[in-house]
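I've put the structures underneath this note.
Paired with chain B in one complex and with chain C in the other, chain A is shared by the two complexes that follow.
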Partner chain A sequence: MRLQVVARHLNQEKIVFLLTVALVIAFAALLPNFLDRGNLLSLVRSVAVLGVLGLGMLIVVLGRGIDLSLVAIMAISVAWSMQLIHQGLPVYAALALGLVFAVGIAFFTGILVAYAEIPPLFATLAMSTFVYGFGRAHLITGTDVVYMPQNMGWIVGLGQGKLIGIPMPIVIAALAAFVIFLFLRFTKLGSYVYAIGDNLAASRISGISVRPMLVLQYVLAGVIAFVAGVLTATSVEAMNTRIVNSNMIYDVILVVVLGGVGLSGGRGNVRNVIVGTLLIGVLMNGMTIMDIQYTVQNVIKSLILLLAIVIDSVVNPRDEQTGQQGDI
Partner chain B sequence: MASASTLTKLRYRFVPDHVIGEILSKKWIDNAIPLLVLVCVVAVFGMLIPNFFSGSNLSITSRQLGEFALICIAMMTVILVGGIDLSVGSNFALGNFMTLALLNLADWPVAAAVPTVVLICGSVGLLNGVLIGYLRLRAFLTTLVTLIIVRAVVDMLLLQYVQAMSTSFYQSDIWDLIGLGGLFGIPFSFCVLIVVAIIGHVLLTRSRPGWRLMAIGGSRRSAHNIGLPVRSTVCAAYTISGMLCGLAGVLYAARLSGAGSDTGIGMEISALTAAVLGGNSLGGGRGSIVKALIGAIIVLIMTNGVLRLGLNSGSGPMVLGLTLVFAVFIDVRWLKNRDKLLNKVYVSPTYIELPEPVSTAAGAGNALALNDRLRDVEIIGLAAVESPEDVILDEDDYLYCGTRHGDIVRFAPPDYTSHEVYAHIGGSPLGMGWDKDRNLLVCVGGMGLYKIDRDRKVVKVTDETNRSTLSVVDDSRLRLADDLDIAPDGRIFFSEATIRYEMHDWPVDALESRGNGRIICHDPKTGKTHTALRNLIFPNGICTSQDGQSILFAESWACRVSRLYISGPKAGQVERVLDRLPGYPDNINRASDGTYWCAIMGMRSPALDVALRMPSFRRRMARRIAPDQWLYPNLNIGCVIRFNDRGEVLESLWDQGAENHPMITSMREHKGYLYLGGITNNRIGRIRLDGRDKTWSSFRSYWGGPNVRHAS
Partner chain C sequence: MEPIIQLKDVTKEFYGVPALRNVNFDLMPGEVHSLLGENGAGKSTLTKIMAGVYEPSKGSVMLRGEPMSFGKPADALDKGIAMVFQETSLVPSLTVAQNIYLGNEKFFNRLRGIYIAAQQFLQSLNFGVDPTMYVSQLGAAQKQMVEIARAVHHKAKVIIFDEPTATLTPEEKHHFFALVNRLKREGVSIVFISHALEEALAISDRITILRDGQHVITDDAKNFDRDKIIAAMVGRSLSAELYSRDMSRKARPYGHKVLSVQNLSMGKMVRNTSFSVYAGQITGIFGLIGSGRTETAKIISGVVKRDFFHGGEVKFEGKAVRYRVPRPAVKDGIVYVTEDRKIEGFFETKSIAENIYMNLLSSDLNRGIIVSRSEMMDLAKQWTQRLNVKAIDADARVIELSGGNQQKVVIAKALVQKPKLVIFDEPTRGVDVGAIAELHQVINELADAGLAVVVISSYLPEILNLADRILVSRQGRVVEEFSTEDATEAKIMYAAVH
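On to the complex of A and B.
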């Protein structure tokens, strides 16, 4: 009886959070220095970019979409900006151009999804491939990696600076999380995002301009991707465009769904993303300290995700009668 | 003016508008756009790349296609069942590695290694299947996880064994055949693909498991509710997908004999692109092997082509991405608008010029002049029957009629107040007739020709005929068998009113007024059915002439009755018997004095007659306004006429008040009475005829005197 009550209150977010706490306790017991301030900061810092990208993904996923082009937009727009600075363009102009590029691509993706009614999975998959290809063919030629120019001034501080001892990427990520939390929770547009994700047809009938809203979601995700790109580039002083071909986009999805955001839209909030990001951060940090091979880390990460969704499906079973058609 | 109408006439005679709609209604038309893209891609790259069509290039391409298309078929299988498999690329890499490891390191023979690898990759698929099918996890996430896990496993294995593997080299004849050789000059992997494709196609389109796959993809909930094994079928689809990936991995290993960490990277995206480009819809239920193949060829030619063109590294993905957007866009638009388009173009009215009708004015003095002879019709079975299209009586005076519920109801003589359900067939029983052995033959709309034997057992006589060679719609199926009659030699002639519409859509056929109907002959001696006469305008009533040499048939929307000779020197010829009718003729039956009764189910109206000469007007009407506001044949009032073999109308029976028996689709004379049926009625009518043979019955007129009755 009590077990049932407990089970009813368990959801994926709580399961993942408990898992994170358990891991922290385990690591703290087993690994010396794990609870050091320095280690904890580097733990959070290592997943800050992932978290920021997760926030972009969250906005899109809440509206029953998915954006596989985030990493491509992030890499190409920022790499192009830096390329332009190398070619002599003023820093702000170059960054503005990069931002315009990111927003333009995201806007076009949004148009494809909202107006051309192409399933988001495909629109963004295709845009990802296209953006990468276009960038490599016409914007950034001859090199995979664009190094950070030395004349970027205070912007470098975004990746490398510190605010009262906390690395800036963490501050920026926290700021972004707070802004998006406010947006989703307290603005009209934020509630529209939930409404559309919950029931698109009903939102349309009740008078929400569904299509512009969808475009807005992708544009917001594009802006966030650009911010994440600037963070990455300034932290490691370079932008490697091959990141597009890596598993990174899968990691972003992992962070989002791990925390319990429903891929079918309308369910989830910023807290879920934070929880998911923290779990990944703790895991990776612990495993790195234990000197576990990168591929093995991948396996463990995936197994944990699998465990989370299996538990979720056992606790909240999907019903043959109410399952949505075409919901993959 | 005259020349304009001649032009219209010629235009509608020779331009087959209706074919467009029929083609659009076919399922294979879905492949048209992917096929067009394929042709364009081949043409563009064929022009750009020298030696594109040379033998060696085609051989290399088809060898690669053998592997890639297998992956696409794997992807298509799971998409069809409503899922997605992102792990195909990793699984393929696993298959490749395992093959090489088993052959090079473990020294297994090929015959043992290949099945083992297929089973290993199949077990990865099985894992996906159990998670997604039985545990109901989301396909996208689950296969994403297996993608990462399997990839990591392959990377770990590579790290450990790649040194040892690069030093040894497996060699055997059969391995060389798989990797480098082929059968009859066709690369081996392509042969494998052909075999898999054919088996897959047959399974998907012709077998129960394939149909279940489609059903579950189309609507998982409905499939579950009708009791299909949803979970195990979904699981099986993923397992098959895994096994196909393993097979592709084996072929790849045989071709290149190398295991690298980049094997199969991004392949899930290419395969997904290919599957969707080919027209398999995400979400399930729509897809085929052919679609997967078309998509695979397009993607392979494009990726190879961009490489061969020597463009810089980004151009390949760029082109691929653009194509994916374009293809999905077209596909989505096509899916969304196909039905709309079909609705718009399927109805295609044609030109028909009806001759001036004979006057029916009450004072005209001709046989068709209005009268009130049906006003005193007796009512039988009021509210007990619905839609008695046809009525018939047997030698013991029992009265039978069909109802819209699919029953044959029998009324008992002499007062016909008690009734029972004689038999239940289903569908909409329409025309009826007795054969020599007193079995009741019934034309059932939507089902075909059925027989009720004397033990009341319902037997299907036929529900198909020969398909005509150039027909686009499948005209082998009987959609609307309408009325029948039996020739003296036992052959059953029956009319099918239209091959383009179901029964409830008869008004649309009236709007078209094209020769969509036909007369079909079934020979019980041989059991064969064939079409005797095509392109008739809603053929309805059928009656064997009194001499048994010909059959009379009514073409409703053409307002005429014609004669088809079925035996004798003029067999096969058609001649006009009666036209200029003022209404739409329905069933025809024999009368006791050697003439024929014919029901006129509705009256012509001048407005509709004019509209019939204006096909474009009717097309606009069909497209723009709601069906209940169309110009229809007026079926509110009708009459019964009697005519003879020379086509002279002898008398007519009207009910001007239309109170007792408003609508007439059939009538039978029986022992001095005329029994009336009407498809929109809830009753049967009966009226005494003066001065007719009181012993004459229809059955005896066909099959001889009382001795038959004695024999039974």
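On to the complex of A and C.
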């Protein structure tokens, strides 16, 4: 009985959080420099962009969608902005054009999903390929890598600056998390995102404008992708468009799912993404210090994901017949 | 004679909350045993213990005198116990025949062979279902028939039917009861759960009544009548107020015309139907399944679109309207209370309070962009009190409530939008007797308050009791109108089936 009560209060988010704490303790005991202020900051900083992208994915997934085009939008929109600056356009105008590009693409994706009723998996996969192909063919000429122009001014600070000793990417990520949290928790539109993810038919009958809301979700995700792109480009002083072909988008889905956001929609919040991102950050940091091969790191990462999901399905069985009190 | 299944002092708890307390139940070979009780009385839990879905927390279950313990439902099926669930458990992407033979396939599973065999089998049961159809294309009633056919085909010795007749037409019900009698002659024991008491009385050998998870009475069916069953189910006699018709009831006068529908058409479901709805009274629409009543209601409330050409005309408050989505209908003051609350009625991951508040947000009554928890809790308190929703607190999730309480939440969601016209589609389907009286009370109060109310129902006593005027729908159009004074069950049924 006691065990059941305890088990009932455990969910994937808490399990992952406990797992993170356990890992921190283990690494702190094994690795001498793990708990240094510098290492901890670089740990969080290394996953800041991933976390920001995770927030964009969160909004879409809550509405029972998925957005595989986030990384492509991030890379191409920001790379194009910087290319325009190189070609002599004023900094703000170039960045504004990049943002318009990101929003335009996301808007079109939203139209495909909401009005043409194409499943989000296919719509965003196709858009991802389109954005990368179109960007490489027509927007970004020359090499895969667009280096950061020298005249970006204060914007460089977003990637390289510090606020009271904390690297700016962490501050921006935290700020983004807070804004999304406020949006989802306290605004009417945020409530609609949950309602649509929970039950689209019921949302519609309730009088929610379901289709414009779906478009809005993708547009918000596109804006967030652009922000993540600016953070990346200013941190490393370049945007490598080949990132679209990496498995970064799977890492984004990983931190969202790992934290306990339900892919079936309506379940999850910003906290889940933070917890998922931190676990990945701790894991990668510890393994890098221990000098574990990149390929082995991937194996461990995926095992952790499977472990979290298995534990969750054991303590919270999904089977309606046995897991819920329901209609007695 | 030895009982085939015997439950002794069975208790079942969910997280410490008892759903069944010390219940005794036995089932004789070849008998039809009805299990009656309000929603939440423990009927489903009891049958699921028999079918091996749940393990009892305490007590013993004996199968032919031997203790049984099923790890999974498949074990029960192997021992000859089949359950026909309320929610259908068929595979939608397989055909009817494949579903019937599921788990019984031969090694070389020739489709043509099983289609022929299934055709003969379905014909022998008098079920008009095409075995080559995919289950996803079938209507609710046909799915139920396939489900029943599958249980019979598995040569089950015990078949548990959970509300088998809710979706069947009178004709199909007739075949179903003939089938039950045939199975009985073949020595199959049947457990029958239903909210339709007349059916239970007509078909059962014995009746067991549960209330609040406890056993109330088991006796031969011939010793029961409707009043006695209802009294045992609810612990008080509701019969007078609910099921017998109050002949002295006066129809409410006609208010102004709120809705006028002219020659409305949509595909094959709604054909050229015309009628009007007036304020301050309840317009009842009676029709059998497939008569287009739900579709008509959904067109009016913007859930589906009428035909673009020759679709007819809908006027609301004197203004011609053509809603493409429900939102403008909600804004204008038309709300639709769905017949299928699980699919399109409420948000299952959300609490009662969040569910009710969501509809205030989505109406134009709340123009703000910020949500307020205190406003939400006030609203929830107000509506749960007004509709008497029974739950631990307003933070309880709707999915955990009984059918009647879920329906009250769905109705509260509609009413917070301050509608001028409310369309209730089967407002008391899958709702227990006690809650039916409360829901009828709520609907009457709305009409008394001057709203235009439409009640769609396929349950005649409900229409006769509630409606001030009765429209009968048949094959996609309203074919006849009765005033409440002239209406009789026979006249209405005659109009509906011919």
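Assorted remarks:
Note that the second predicted complex is superposed on the first by the 319 of 328 C-alpha atoms of A that agree within 3 Å, B and C clash if a C-alpha of one lies under 4 Å from a C-alpha of the other, contacts with A are read in each partner's own complex, and residues count from 1 in each chain.
In the analysis below, contacts are C-beta pairs under 8 Å (C-beta built on N, C-alpha and C of every residue); 3 or more make two chains touch, one makes a residue touch a chain.
Bear in mind the structure is a predicted one, so any value in this text is a computation, not a measurement.
With both complexes brought onto chain A, simultaneous placement of chain B and chain C is prevented by a clash. When the two structures are aligned on the shared chain, A:Met287 is found in touch with neither chain B nor chain C. In the superposition on chain A, contact of A:Leu41 is made with neither chain B nor chain C. For chain A, the partner touching the most residues, choosing from chain B and chain C, is B. Of the two partner chains placed by superposition, A:Val223 touches none, neither chain B nor chain C.
By the touch criterion defined above, A:Ala195 reaches chain C but does not reach chain B.
When both complexes are overlaid on chain A, the residue A:Ile166 reaches neither chain B nor chain C. Common to the chain B and chain C interfaces on chain A are residues 321, 325-328. Across the complex, chain A is touched by residues 82-84, 131, 135-142, 144-149, 151-153, 155-156, 159, 219-221, 224-225, 230, 265-266, 269, 272-273, 276, 282-284, 311-322, 324-325, 328-329, 332-333, 336 of chain B.
The part of chain A that touches chain C in the complex is made up of residues 1, 4-5, 8, 185-192, 194-195, 198-199, 201-211, 266-267, 321-322, 324-328.
Contacts from chain C toward chain A in the complex involve residues 14-17, 19, 39-42, 44-45, 48, 53-54, 86, 213, 301, 303, 325-327, 329-331, 336, 338, 343-350, 354, 358-359, 361-363, 366, 368-371, 399-400, 402-403, 413, 417. Across the interface of their complex, chain B is touched by residues 112, 116-119, 121-123, 125-138, 141, 245, 247, 250, 253, 257, 263, 293, 295-296, 298-299, 301-303, 305-306, 309-310, 313-314, 317-318, 320-321, 323, 325-328 of chain A.
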